[in-house]
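The structure follows.
Chain naming follows the written order as A, B and C, and within any one chain the residues start at number 1.
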Amino acid sequence: MITDLKLAARSLGRWGWLALGACVVVVAAFPHLANPYIVSFALSIGMYAALAGSWNLISGYAGYVSFGHVVFWGIGAYGAAVVMARTTLPWPVALVAGGLAALALALVVARPILRLSGVYFAIATLAIAEGMRVVISMTPLTGAGSGLSLRPVLSLHGSYYLMWGVVLACVATTYSLRFTTFGRSVVAIRENEVAAQSLGIDATRRKVQVLGLSSVFAGLAGAIYVLNVAFIDPGTGFDITITLTTIMVTMFGGIATVLGPVVGALAFQIPSELLWAQFPFVHKAALGALIVLIVLVLPRGILPALARARAWFARRRRGASVPGASVPGGIEGGEGQ
Amino acid sequence: MELTILTAILISGLATGAIYALAAEGLNLIWGVMRVVNLAHGELMMIGVFISYALWSVWGVNPLLAAIPAAAGLFVVGLGIERLFVRRVIGSPELISLLLTFGISIFITNIGVLTLGAEFKTIRFLDEPVSILGTALPLNQLVMAAAAIVLSLAMYVVLQRTRTGTAIRAVAIDRDMAQQVGIDTKKIFGRTFALGAALAGVAGALVTPLVAFNPLIGQTYILTAFAVVVLGGMGNFLGALIAGLLIGVVEAGVAYTVSVQASSGVVFLVIILTLLFRPTGILGARE
Amino acid sequence: MKRTRMVLAAVAAVAMLAACGAGSGSGKDGGDPIVFGGALPLTGWGSDAGQLNNRGYELWVKHVNEDGGILGRQVELKIYDDQSDPTTTARLYERLITQDQVDVLLAPWSDDMTMPATTVAEKYKKPMLTGGATLTDIWSRGYRYVSGLLPSSYDYVGVAVRLLEGKVSTGAVLNNDALYTTGFGDAAVENFEDLGISLTGREAYPGDTQNFAPAIAAVQGGGPELLVGASGGADDAIQIVRAAKIAGLSPQAMYFTIAVVEPDFVESLGADAEYALGTTEWEPSLTELPGFDRFVSDYEEEYGEAPVEDVATSYGLAQVLQASLEKAGELDDEKINDALRSMEMVTVFGTYKVDPETGMQTGKEIYVVQIQDGEREIVWPESDKTADLRFPMPAWSDR
C-alpha cells in the first residue's frame, strides 16, 4: 500500500504538486478575505464536494449507484449531534463519532444490499434512507420527530477548514485509487464483476470496503455540518434532495473522475445559491428543469465533455482521422481522467 | 385480537391498499414495458387529484365521475412527457430514467406549489359511516376502493384481450422481436406511458375525498408505489394488485397494533425485505 | 490533467475575487430606512400561519410609515420564505444577519423554525423577539438575546384544560409529531397530571398522515371524556373530527390547538365543528386593545375579512420591537435587547412583559374559545367572555 501511495504522489509531477499547492493556498486564504455569508456558502460548496466525492467512490468507481446516500450524511450528523447533546465530550469526539456512526451503518447494510444490482440496489438504498428517517423520528435519544438543538461549537472558519480538509482527503483517496490494488479491483468489479471474481478478486470484500470508505467521508461531512449549524432533524438529515443534489453535482462535474466532484460542486452550487433565497420555488422548479437538461445533454458531466471537446479540437488540428478518442467515463465506461 | 380491530385492519387495509395498487400499476406498466423508472409518477397522481378537486369546487362533479376527465387529461400529459423527454432515455440504464423523471417530478411539484399554493385542502364526499362487523368505516373509502379494484381488473382485461394490450405485453417481453413482427414500438411506448399516467390520474381522482392534499402529495405516494412494484414483481400487473392490497393491510395492521408512527416504516421494510429475500417479487417478475 | 488543475485553480481564484468584491454591505446612514428582516413559512406545512403573519408585518409597516417611522426614519420589510423547513430558516437568518445586515430581526413561526433561528441570533448576539413559539425550551437554554411574545405551551394548553376541571375525569391526547405540537401534547399531559385527569391514551401521528382511523382507535378504548388534539393546523384537526365521528368516538369535550381559529375549520366541518374548544391569544371581539380600530378596519379594507390571531401576533410583535427601538434611542443591539427584557407595554395583541432573566413571557392573556352556531365565542376568562361554555358535547348520533 505504501509503495502504491508513493507512486501516486510521484505521478503528480512538479506541476501537479504546484497546482495542488496553489489550490490549498487559495482555499486556506479565502475565509480571511470574504464576508461570513460568502464563507458559509463556500462551506456548503465544500460539503457537496465531499458528498459528491464520497458518492463517486461507491457509485462512479464501484458502479453501485446509490440513491440513498444522504443516509450516511444524516447518520454522521446525528452521531455527532447525539454526542454533543447527550454528553459533555468535546467536539472532536463528536466529529469522530459521526464518521464512525456512518461507517457502522455502512458495514451493517453492506453485505445484504451489495448483493443487489443496478436499479434494485438504488431502490434499496433509497428505502434504507427512508427507513432510517422513520426510525430516527421515533427514537427519543435522537430527539424523535423534533430533532436536536446544540450549542454552536464550531466557528464558521473552523467548519470551513475541516470540511475542505475532508474534501482534500477524499480527492486524494480517489486519486490514489488507480495506483492501488484496491482501487483497480474496484474498477474491475464495476466493469465486469463475474470476470473480476474469476481473476481471484474477492468482490464482496472489496465492495464492502468501498462502501465503508465512501460512508466515512459522507459521515464526516454530516458531522461537520451539524457542529456548525447546531441543529438537525429527521426531515433534514435524510432529505432526498441532498442525495439528488449530490448526484447532480457529481454528474455535472464528471462521474468517476477525480476532480469531478469539486468542479461539479462549484459549477452547480453557484447559480443555485444565487436563486434560492430570492425565488425559493422557482429555484426548485429550475433545479428540476436543470436535472432534466443535464440528463439529456451532459450525462457524463462537464470534465469528460471538456475532455471530449479537447480531443475533438486536437483531431481537427491534426487533420487526418485519428481513431476517435471517445473518452471513457460515466457509469458505463471505464475510469476517467 | 378483537374482532372489531381485525375487521378494521382487514377492510380499511384492503381499501387503502386498493388505491395503492391502482397508483402503482401505472408505474409498473411503464417500468415493465419501457424499462423506465418513473419517479414522477406521484406527481402525475397529484395532477389527477387537482383535476378532481377543480371539477368538484367549480361544478360539484363527484370524484368518481371526475376520474374520467382525469384519466383523459393525464393520458395527454403522459403522451407529452414521453415524446419530449422519456423517449430519449429508453434503452439507457434505468438509472438515467430515474434521474430524468426525478427532475421532472421536482419541476411539476414546484410549479404546482407556485400556481396552486401549498395549503391543504379537503373535500367532503360520502363520508357517512358504514358499519361492518362492528367496525365503522367511512363510505367513501369503500366506494373508492371498489372503484379502484374494478378499474385495475378492467385494465388487466385490456392488457390481456385487446390488440394494443397484447402489443404492449409483446414489447415488454421482447422489444426487438416485437419490432420484427411489425409492432410499432415507438407508438407503443407512447401509449404505455400515457396509459400509466392515466392510471395515476384516476388514482389521484379517487383519493381526493379521502385525504387532505396539497401539491406535495405525490411525494407521499411514490415510495409506496415502489414498494408495490417491487413486492408484486416488476411488470407483473396482477402482482401489483395483490402487493398493493397486502401492503395496505400490513400498514393498517401495524398502525392499529403498534403505533401510527411505526406504520410509516412499513413501506421501507417491505422494499428491503423483498429485495433481500425475493427480489423478483411474490409472484415473480416478468423478465 | 494538469491543465484541468490549472483551470480549477483559476476558477477558485475568480471565485475568491468575486467574493471579495461582493463583500460586506455599505454602512447605513441616518436617512436610510430601518430594515426589519425575518423568515416565515410562506409555503409548506406552516404556510397558513406564515401568510397571516406576513400580512401582520406588512400592515404594521404601512401604519408605522404613515405615522412618521421610527427614530425619524422610514421602515422597510424584508421577509424570506423558509418553506417550513427549519434548516432553511437557520440559513436564512444567517443570511439576514451577515449578508443583508438587517437592523432588526423579526420572528419566524412555530417552535420548529424558531429553535434553530434563535440559535443563530444568539450566535451573532442579535436580539430576537419570538412570535409563534411556545416551547419552554426556547427560553431555558440560558440564551441572553432571545425574548418571547407568547407564553409557554403549558399555559397555552392549560387554560382550556383547567376550564374543564371538575367536569371531566379522563382524557386522551393525539398529537402531530412536529416539535411544537409535541410540546402541546406534553403540556396537555402535564396539565392532566396536575388536575387529576387520568390519561387514557396518547398517540403521536406523523405530519403527513392520511388515515386517522388507527389513531382514533388507539385512544377510543379508554372512553375519554376529553379529547385533546394537538394539531398543527386546520387540516389534521378536520380529519381527526371526521374520523372520530365515523368511529363513533363522542367525548364530552374536544379541544384542538391552533386549528379552531382557522376559518377552514368551520368551513370544512360545518355543523361538525360545533362545541370544539380552542385557545387563542387574540380575538376580534377584544375591541378595547390600543390601536384596535385602525388595525381591524385597515386589514378588513385590504383583505375583505376580519383579522385573526396570527395577524395580530406579528403586528403586536413589531409594535414591541418598535417600542424597544424607541426606548433604546438608537440601533444598538445591546440597548435594544435590554429594552426588550425590561419593558412592559400593551399592544394591539395584548400585554407584553417578560422575565428579565430568561426572556420568557409572563404577562400575556390567553383566551379559551368555542365554536357555537358557526361562530367563535370567547368562553373564558369571565372578564372577556362573549358566551357561556357549552358542555357537554352531545354524542354524534344525537346531533
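What we mean here is this: contacts are C-beta pairs under 8 Å (C-beta built on N, C-alpha and C of every residue); 3 or more make two chains touch, one makes a residue touch a chain.
Just so it is clear, the model here is predicted, and its values are computed rather than measured.
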Thinking of each chain as a vertex joined to the chains it touches, would you call that graph a line, ring, star, complete, or other?
complete
Set B-C beside A-C; more C-beta pairs touch across A-C
Chain centre separation in whole Å, for chain B relative to chain A (CA means):
33
Hey, how far is the Cα centre of chain B from the one of chain C, in Å?
37
Distance between the centres, which are taken as Cα means, of chain C and chain A, whole angstrom
38
The positions of chain B in contact with two or more other chains are 113, 261, 264
Among the residues of chain C, which ones contact at least 2 other chains?
43, 177, 204, 206
Overlap residues in chain A, where contacts from two or more other chains coincide:
137, 281
Okay, in this complex, where on chain B does chain A touch?
37, 85, 88-89, 92-96, 98-100, 102-111, 113-114, 223, 226-227, 230, 261-262, 264-265, 267-269, 271-272, 275-276, 279
For the complex, give me every residue of chain A touching chain B.
65, 67, 112-113, 115-116, 118-120, 122-124, 126-128, 130-131, 134-135, 137-138, 244, 247-248, 251, 281-282, 284-285, 287-296, 299, 331-332
Of chain B, residues touching chain C in the complex:
5, 8, 12, 16, 113, 117-120, 122, 124, 127, 129, 136-138, 210-212, 220, 252, 255-256, 259-261, 263-264
Would you pull the chain A residues touching chain C in the complex into a rising list?
13, 15-16, 19-20, 22-23, 26-27, 29-30, 33-38, 40, 42, 137, 144-147, 149, 151-152, 229-231, 233, 235-236, 259, 262-263, 266, 270, 277, 280-281, 303, 306, 337
Along chain C, where are the residues that touch chain A in the complex?
1-2, 4-6, 8-9, 11-13, 15-16, 19-20, 22-24, 43, 80-81, 83, 85-88, 90-92, 94-95, 98-99, 111-112, 115-116, 119, 123, 137, 141, 177-179, 182, 204, 206
